[in-house]
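Both complexes below contain chain A, partnered by chain B and then by chain C.
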Partner chain A sequence: MADFLSQYSIQRWLEMCPQGYLEDTVYGHEEGLAEPDDIMGDEDLRVASIALTVQLIAGERCALAASSGLVNAAPDDASKTFLATQTLDEARHVEIFTKRLVDLGVRKEDVNSTVDELANPNLVKFAEVLLEKVADGDFIAGVVGQNIVLEGMAFSVFELLEATSKDLNPKFAQTLSGTIADERRHVGFGENRIGSLIREHPERREDIERMQSEMTYHMLATFADVFSASGDSMDRGRQLAADHGELDGADMKWHGTDLATASTEDMEAVLANTVLGEFKTRLGRIGLEYRSPKVPA
Partner chain B sequence: MRPRPDRDAEPHLLAEEDFLREVHSFDFWFEAVSGYLEEQPFGHDPDLVETPMDDVARDSLITTLCNYCVGETAALEASSGLVRLAPNHHSRVFLATQVVDEARHLEVFMRRLEDLGVEDPEAEIDRRANQGLEDFRSRLLELVDRGDWDAAVFAQNVLLESMEDTVFRFHEQSADEITRQVLVGVVADERRHLGFGENDLGRRLAHDPSGRRRLAEVRAELDPLVLGSFEGVYRDLGIARQDQPELGRHYLDAVERLGLTA
Partner chain C sequence: MNETTLDTAESSIVTSSADAAPRRTFELDDTGFKEVPKRWRKFYRHWQGAGDELAPNEVICPVCKVVIRSHREFRPGDRVYCMPCMSRLVVVERPDGRLEADVLY
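Entry: the complex of A and B
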């Protein structure tokens, strides 16, 4: 374990992240990039982009509260150290997505009220399930909830968004790219650190699998809400991109689905299937069994 | 070095809210730390060779570093607990940067212990921890756990940080070169943390006289633990009383600036 944890030192984090893939970026992207005119010049698309960004901020705020809250519960200094780097990663994510909200025209003083107003209620419940475990000082459940479930979800959501943005909105795509690199580290820590703890405490499996099921329910409900509300703006964005020739030659394939032409139902399905597949794989690696939510969303 | 947004602007000329957003950001933090962390993995020039030291000096340094680790662990646990209590976004981001700073301090001190031949630093820290410092750590975490932002920021970012600032800078003067370089990088961070604590509390107390009275009571309770810890560390460093710097002068200066004198 000590050797694996040495891979998560502050020194290594400094070299990989701020001195590595974030070098020469400002708020996670190349300096000088801006939100595209297609979004800023179309009120429906701008509002839809604000609503989407709010969900990212809500998720990252939860991750920040969870990772910082887990530092004290960590059983060893090396885990505390890793969670310290994750705390700053998550704070950076909150910062860059908040900056995007401001770039999209939300006044700084209105950021919190906008997040409160537009955060999806199911995403809020998803966060509450996790933060309850963190508040109880439950390190094993907290890390599974945070580094496997939340981060696993975020990882796939960001990948999908990056695939749809890399040709149409390089600023947002670059922001997501650095975030994905962070999430990959976080998921890796969760898998590596928790496996041994689950083996030492098999009695915890039932409670943790129940938490995973509950979080999965709220996650799927969030996906359903967000995709069902985004059909018009997605069509509008595609139309504008096609009019401007931005889809010519664009590569928007993700897990076998062409995101340039897929319906919202297809996009929701590919995202949900990808995330659930990841959950099953990652939970299996740490000795837990994926548990389906009680009511399919 | 990576650029900072609006880097041509002088932060101190910004309006208060914009100033706080600017200085309490990931970019500002990274610009602040990268100067002294680049080229110095684990806090010092990797080409430095160990200064010869006898067993007594080595043992004394190990005890001192173990107690630095106790202080840094307290700061790591408290700052991470304070993230959820932060009253606004920029304070939350600043505290997240402080969490990483404190974890780095713990890491470089523990690495230094390994360099000095300590096989299990966590166990050694438990063995050599100063009781006064452990008591202070418990009290600090109680303040965090009960969600008392003002008292916890005071105890951590004013009291603990000024104690460390004083002790580390004093230790720098007599330390071997590797330890000295490690301490220089740590002190640079501590000064940022101290600045945040004074700035945040100063603004809040300006509008809250009762808060000042309450913090004066917290201070009266924690003073003996802090000053006792100072004495303990100086003793471990083998410094005769007449040669010790005035105990906690920085701390007392900070307390005076905040109007928390008895």
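Entry: the complex of A and C
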């Protein structure tokens, strides 16, 4: 396993990503696809889609700052190379979700003010905890926070959103699909690189587990805020989809939950349980113990 | 003595001489998995979640949840490579007889 770092090359990234699943895509989806009329023709749904997309942009901006900041902190050339490719992945994610914001009707000059206004405060705090480690040049904590906690959360959030969108909004679903493919590499790097480093630096566990607990607290608070605010728009979207026959035969199952009929509470529960379960498993594999947030969110 | 056979995406199947029976072989078709270069795509497929039963020549990557497929059935001790997340894995048998993959760090 000593040579596993050698696989992290720009050439490999080029073959898999730009020359692979992103070939012939425009902003992450087939050319010509548009946001569905159900969203663009209904002000409540359009506003709700903008609010959701802002959270994705806020998360991806954090990932971009973290991955680029970790390049200089990386202890070896292969990790620097991988993080350079991840930096471009994250920049692409910021771009494609920002493009979606514009497609949803936000003027380009209003993008930043919209993100500032609508980004969930708990998600902002989640990012601050991680970026503090990155600013300190703490490679191990930074990669755990970025590639295990943040990417682990994003992986499940994107999967859930893709499951709800693939029959109703192919443009958004395709955008998410390419993002999920990127996330696979990112979580893989997190586990594979940190798995060996934690064994070499067991004294770092306490500090890193505390960071994970803090990030988890803000993540769960973000989920609670977002889902509690989305009940009306979710019902409206389902009603429109049902009226247009778009739910007939739609496959919207995710981790045993039918997303076409689940309540917002059920959706929050399946997402939180999935993410926390993945945290526990991933952290356990690399020699860290999952630590519950100090106050249940 | 062990025999190593190059198989799936940069993976190898290590066949122990203690293997009791010959391994079954499987034809692999393209499942539409586009996350790796074309020549490797038949070795992977998306996992469909609970209820998606794995064939004897398939294991799930525990890191990225992609199903890894081989021309031959898997046995404990086989080493496989998950190209989508670049993890190196070893096939292990759980107490209930299920084959799963553990990550090699």
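By definition in this document, the second predicted complex is superposed on the first by the 295 of 297 C-alpha atoms of A that agree within 3 Å, B and C clash if a C-alpha of one lies under 4 Å from a C-alpha of the other, contacts with A are read in each partner's own complex, and residues count from 1 in each chain.
Following the convention adopted for this analysis, a contact is a pair of C-beta atoms (placed from the backbone, for glycine too) under 8 Å apart; a residue touches a chain by one contact, two chains touch by 3 or more.
Here the structure is a predicted model, which means the values were calculated and not measured.
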Partner chain(s) touched by A:84 [first = chain B, second = chain C, both, neither]: first
Contacts of A:192 with chain B and chain C, given as first, second, both or neither: second
Which superposed partner A:26 touches (first chain B, second chain C, both, neither): first
Which superposed partner A:34 touches (first chain B, second chain C, both, neither): neither
Partner chain in contact with A:10 - chain B first, chain C second, else both or neither: first
Which superposed partner A:94 touches (first chain B, second chain C, both, neither): first
Which superposed partner A:229 touches (first chain B, second chain C, both, neither): neither
Between chain B and chain C, more extensive residue contact with chain A: B
First (chain B), second (chain C), both or neither touched by A:281: second
Chain A positions touched by chain B in one structure and by chain C in the second: 15, 19
Complex interface listing, chain A residues touching chain B: 9-11, 13-15, 18-19, 22-27, 31, 64-65, 68-69, 71-72, 76-77, 80-81, 83-85, 87-88, 90-92, 94-95, 98, 108, 111-112
Contacting residues of chain C [partner chain A, same complex]: 34-37, 49-50, 62-64, 66, 82-88, 103-105
Chain B to chain A touching residues, read off their complex: 2-5, 17, 21, 25-27, 30, 34, 37-38, 41-42, 73, 76-77, 80-81, 83-84, 89, 92-93, 95-97, 99-100, 102-104, 106-107, 110, 122, 141
Residue numbers on chain A that touch chain C, as the complex places them: 1, 4, 7-8, 12, 15-16, 19-21, 181, 184-185, 187-189, 191-192, 195-196, 199, 253-256, 281-282, 285-286
